[in-house]
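Chain nomenclature is as follows: A, B, C, D and E, assigned in order of appearance, with residue numbering initiated at 1 for each chain independently.
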């Protein structure tokens, strides 16, 4: 749990207190990094153009064109770039602040001529089993889509290939289909999460039933914390897609409703999984408790029984160890062997009693 | 629990990531199997015709006729057939994807001129007590009903017989009555579930009160997991029927409202049962805990009492085993017997005290 | 709990699978019994006529008259009677099925020219403390009320007397007042339930605090199961009356709204009681656990203390039981008495220490 | 808990089964007492008249006047008085029944030309710490307010004084302000409850941490029962005021909305307190359990350690107590002292080991 | 928990019972303090004037001007000042009462030409880790904003500086922006709470896993109480902002909707944190319990094993300590050494058995 707790805590941080709203601040973890790489894919049903651009002012050319432009900003380290971009596309400073605030909740907002949304990619870091959440912000405008990512690697390469190769409907439909495709790619990746968590859980259960150890309960609590983290990232997305389905945003084409409904189903399915895992984690904690106390009970029982059998025998031996002058039995010839026999009978009787009582 | 957990986990699987939406993929478990058997029952109040057909193109004849056609596809192993069928009836690729995705949640969707629904059959596999969920998808159109099943055996034979023998109203009413009849047959089968679960639970309780063992708690957790699985399959159906009752689908005749209300009642009844079983399972876990600790307490108590009685006696014996030269009692004639008497009195006194305190 | 569980389970049964909807089947428990006794009370403000009738066809005379008719069918054993009655009053077969299905949930349904409702009488069987639920179905039509009971005895005699003696408003008002009166009589009887349950609980608590035994927890679980059973029977009635209060049924006169509101209050009061009992039962399980572990702790503590005092003393005795040739103390004259004194001091010291630590 | 449980149970009682609705019955506890004292305060902005009246018929003079009349009935023992009053003011018999049923839930009802409300005073009986709930019913009409109390003493003297001395707005505003003032006085008194409960809880906690005893858990359960009782009395009042705020009652002047909002806030505040206390009581039960098991663990640990140290030593003593003829050590000169030293070393070693393991 | 409980309890206090509503009473804790310091900042886009004023009547000049006036009252100790202020700005006495009642719940109220809101600052007192809640009341009118604080120090200095230096939009926009800015400053400060709580929790967890002590559980309960306190203060603010967002208050400019939405997000984020902490605190209590019982089990196990090994050995020694005359072994030459060997073998066998059983 420790790691998850630390992870959780690292994302509690103070807002830029006292600054006027809309003051941009780089996240500590991203600031100071190299300026963001900006790529543009400008496409229509018949044309395709792909560029990497440094001069932000030149972006304005993509703003009011007939072609569709996907402008991807691959890191949030350089505030100036973000600010200039904001000016070119006349984005409200509070929205830019939201883009930079990588610990915020997923949300969607209607900005009259644009739609802003902020969602989370969630995945397990390769080996450490640590959960990473990465924010993807999008601004959908008429004829363009801006995407902001925290880091350079992404899961959108297959979307780019579909655009390049004109596979599927992506080149034919407008930017809201691209908008949908990106969310869809992110949601598809969510399905890795229950798979990994499930594998972890399955191992834990077998371990617990055989040999419960404190580390196991730590691991279960870690998974529980992971589920909280994941839930915080995914749950709001459900409401976001729902509000799009209700048709609250004009910029999102009615033709993609059927795709969004499909997307909504997938999200529900992931959320469903997480709920099921929560139940299972609760059961596992119970199982652990039961298993520990069963094992302890078994130890205590066998040991106590051994002790109990020998205590009366030791008492008998103690009696004939007394030094009274007048103890007639002591002089009898086979007294010693008789007493040994009596002791054996007592022990056998007790074992039989315990067996009968089903304690042994 | 293990088995249920494995079952649960086997249905977490990755979506076909990166593919354009609507790309059809066969489920691993069904792919490679023989091409699906397709049967058609074409009926009206006075006519009846039953065929098994291989040439999919010939289906189109059933599409726009005055008679009602029930086209049943009995397995999902062959994607090509599904695809062709989709083209003949102009079904959206996403719907076909939903039909093939046998792990999805039950749902209903209005496709303008058709209604698509996907529900689950749930039953216990004959001997292994393992829960099987099988997906049944239906597409209700004007004058036809398509049903897609995962496996060939089904519970619809009695519906077929009712059509063949013109029993009840089925031949007189339109396809939405057939649609209702199929769901009704599935829901009727749900009533086996509480019956089987109840039998399992009843045995467990008696066992637990007499002789609680770790396997019992495993069994209870297995039933708990089963309840989760069943709930996931049945619960959404309630909302589906409810939305039909609200009259959201034009293709479903108003005349069958009274039947659907009846169906709704049955679903509520099953769901009610599951909730009650959840409560009972919770109580059983408590009972198990109480029973285990009662048994342990009894063991510990009796054993500790035995030990406690003999410890003071052993001490007395120890005293007269000391080798001091000047121990006057040792020389007394009946000292040995007096001491034996004293020991007996001590033991009797302790037993009396324990009895009075109600510890024995 | 066993009994309640059996009771619960006995009411899980398979629907008549595969039959066309509306196929009537007698309940196993009622089938084969004598044909139902049918009584008719036909009354208006000034007239009164009371009959027991066998010829069902003659019922039709009560259907469209100016007088009000209360037709009571006192058992559900004979399907034919029910069927004929259904035809005379043109009741939908599904409704008849609902009347015969004595394990269904309470519900109300608008049948255009009639209102069908199905509620539960709940009472404790005289001596066995077992809960009995009995179904009462009613069909309210224009000028008539049909009531169907599972068994012959009922709680409606006082209503009959009020009709016979023209007490209160019952003769003056229309059938919906009679409809209300019957539900009111049933709800008044619900107030016996918390009274009986409360008596049981009060005894249990005192018992648990003094001498907790496994049977007590069984009893508590039995009451918990009883509460589940009762809740399942009563809870839906709340929603039924609520829907009547919302004025959804034309056949129910607006003048009886004030009576229904009163009825609704009473139901809420009973439900409130059940909730409170649930809380109390939860507390009692806690109390039981605490009480058991307190008692066990007390036993263990006293016994362990006794053992602990004697173990060091036995060790001292053991030392002077050793056979070393050179043990100077053994020869001293009062060594024995000194050692006895030392032992006494050790024992006294330990007792004092335990007293000080508040362990004794 | 016992007392609270008894209290709870004493208020479960049977409705007057089988009586026509509206049949008045006196509560057992109040019946047979002296006839109620009836006082009238008739006031307007400039006039004031205060009477105690026995002739109920004379009340009618207060019904349709320009002045405002507050008619207070101070006990419910005499049914005839209530009945006559009901006739004079033409109150529906069901409402009179509700007034007499002192165990009913708080509620409000619109009687066209009157508003009926029934709420609860809740307070701790002076010394016994027992909770008393007393019902106050009110009927607000045009120009008059009837109040019915269970007992003669009340908390309304200050309201009377405000009327007598024309303090505040009470003389200027209409009867709904008086109606508000009475509820306000009752709600103000609710604030005593968390104060008393809080005092009790604070003492309990300190006690539990130092020296947990079974009586403490009894006390906590008593407070828990008290909270249930209080909640049952206060919670519905929230909904009552809310429905008044929604403007559902014409008789209640819009001018007092701001006062009612204030009242609503106060109720929320009390309810909030009760919720918080519930949480705290839950925590205290946990604390008790932890504290008991901590104390028990401490006892067991120290005692077991003592026993464990002496067992190996006693074994060593036992060895040299054996009577073998050939035991060379026995003849050595300082063997005894060496063995004593060895024993000391063993004991010291074990103590050191326990210390290191942090068990001591 | 003690401190938090005391804190909680200190805020339960009686309302001024029996007083006419609107009677002002100073809080005990604030009464008797120096008269409040009142500062006015009067500003427009181009002008700025800052004053400290004692003559309350002169405030009226700020009421109906074109400039915007922020009037801050820095303590609530002097009722007269508040009363006069209420007269100048014609504030309803009940609102003044709400301002003085520093233990009330946060709320917002529409007073036709003004909006009254009452919210809470929550922070940890520097060193004692004690939670302080301080009430900030605001009355927003046309062209002015009144703020009432409990104590003189505040967190608004940066807002004042922004006004003084005309940073951001604050000078350009109307008073509802100032209103927003103050709430925003308070909410920004809430982010300190999870940071501090998180730090506390992180330390506790590591401690608990290594060496669980009763103080740790006390500390966890303290954090739990803190969370309750904080939740009570913050939760209602969510609903307040929500009602503003729904546009219920005309005085609040539509232009600041986007800021309020941002504010709402921040509140949700804090509330989210608190919920997560609640989950974590629950997990920690579980962890504590597990950790304590693990440690105890370990102690008991090792100690019992030691005892169990020596008990049979002591029995063997006891046998050869018996004084029978005819015990042949006693005379054998190497019997003593053989017995020592046997004892060693018994001990070794038991250790091996325990090892195999994984108990050691």
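In this section, contacts are C-beta pairs under 8 Å (C-beta built on N, C-alpha and C of every residue); 3 or more make two chains touch, one makes a residue touch a chain.
Predicted model, so just to flag it, every value in this text is computed and none were measured.
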Required minimum of steps from chain B to chain C, each step between chains that touch: 1
Copies chain E and chain D - interface residue numbers shared by over half, same or different: different
When chain B is superposed on chain E by its C-alpha atoms, the rotation angle in degrees, nearest 5: 145
Chain centre separation in whole Å, for chain D relative to chain C (CA means): 27
Intercentroid distance (Cα basis), chain C paired with chain A, Å: 43
Set of chain E residues in contact with two or more other chains: 300, 304, 307, 311, 314, 318, 321-323, 327
Topology of the chain contact graph, where touching chains are joined (line, ring, star, complete, other): ring
Successive chains around the closed ring, taking chain A as origin and chain B next: A, B, C, D, E
List of chain B residues in touch with chain A within their complex: 1-2, 5-6, 8-9, 12-22, 92, 94, 97-98, 103-105, 107, 109, 211, 214, 217-218, 221, 224-225, 228, 232, 285, 288-289, 292, 296, 299-300, 303-304, 306-307, 310-311, 313-314, 317-318, 320-323, 327, 329-336, 339-340
Contact footprint of chain B on chain A as seen in their complex: 155, 158-159, 162, 167-170, 181, 184-185, 188-189, 191-192, 194-195, 198-199, 201-202, 205-206, 209, 258-259, 261-262, 265-266, 268-269, 272-273, 276, 279-280, 283, 286-287, 290-291, 293-294, 297, 300-301, 304-305, 307-308, 311-312, 314-315, 318-319, 321-327, 357-359
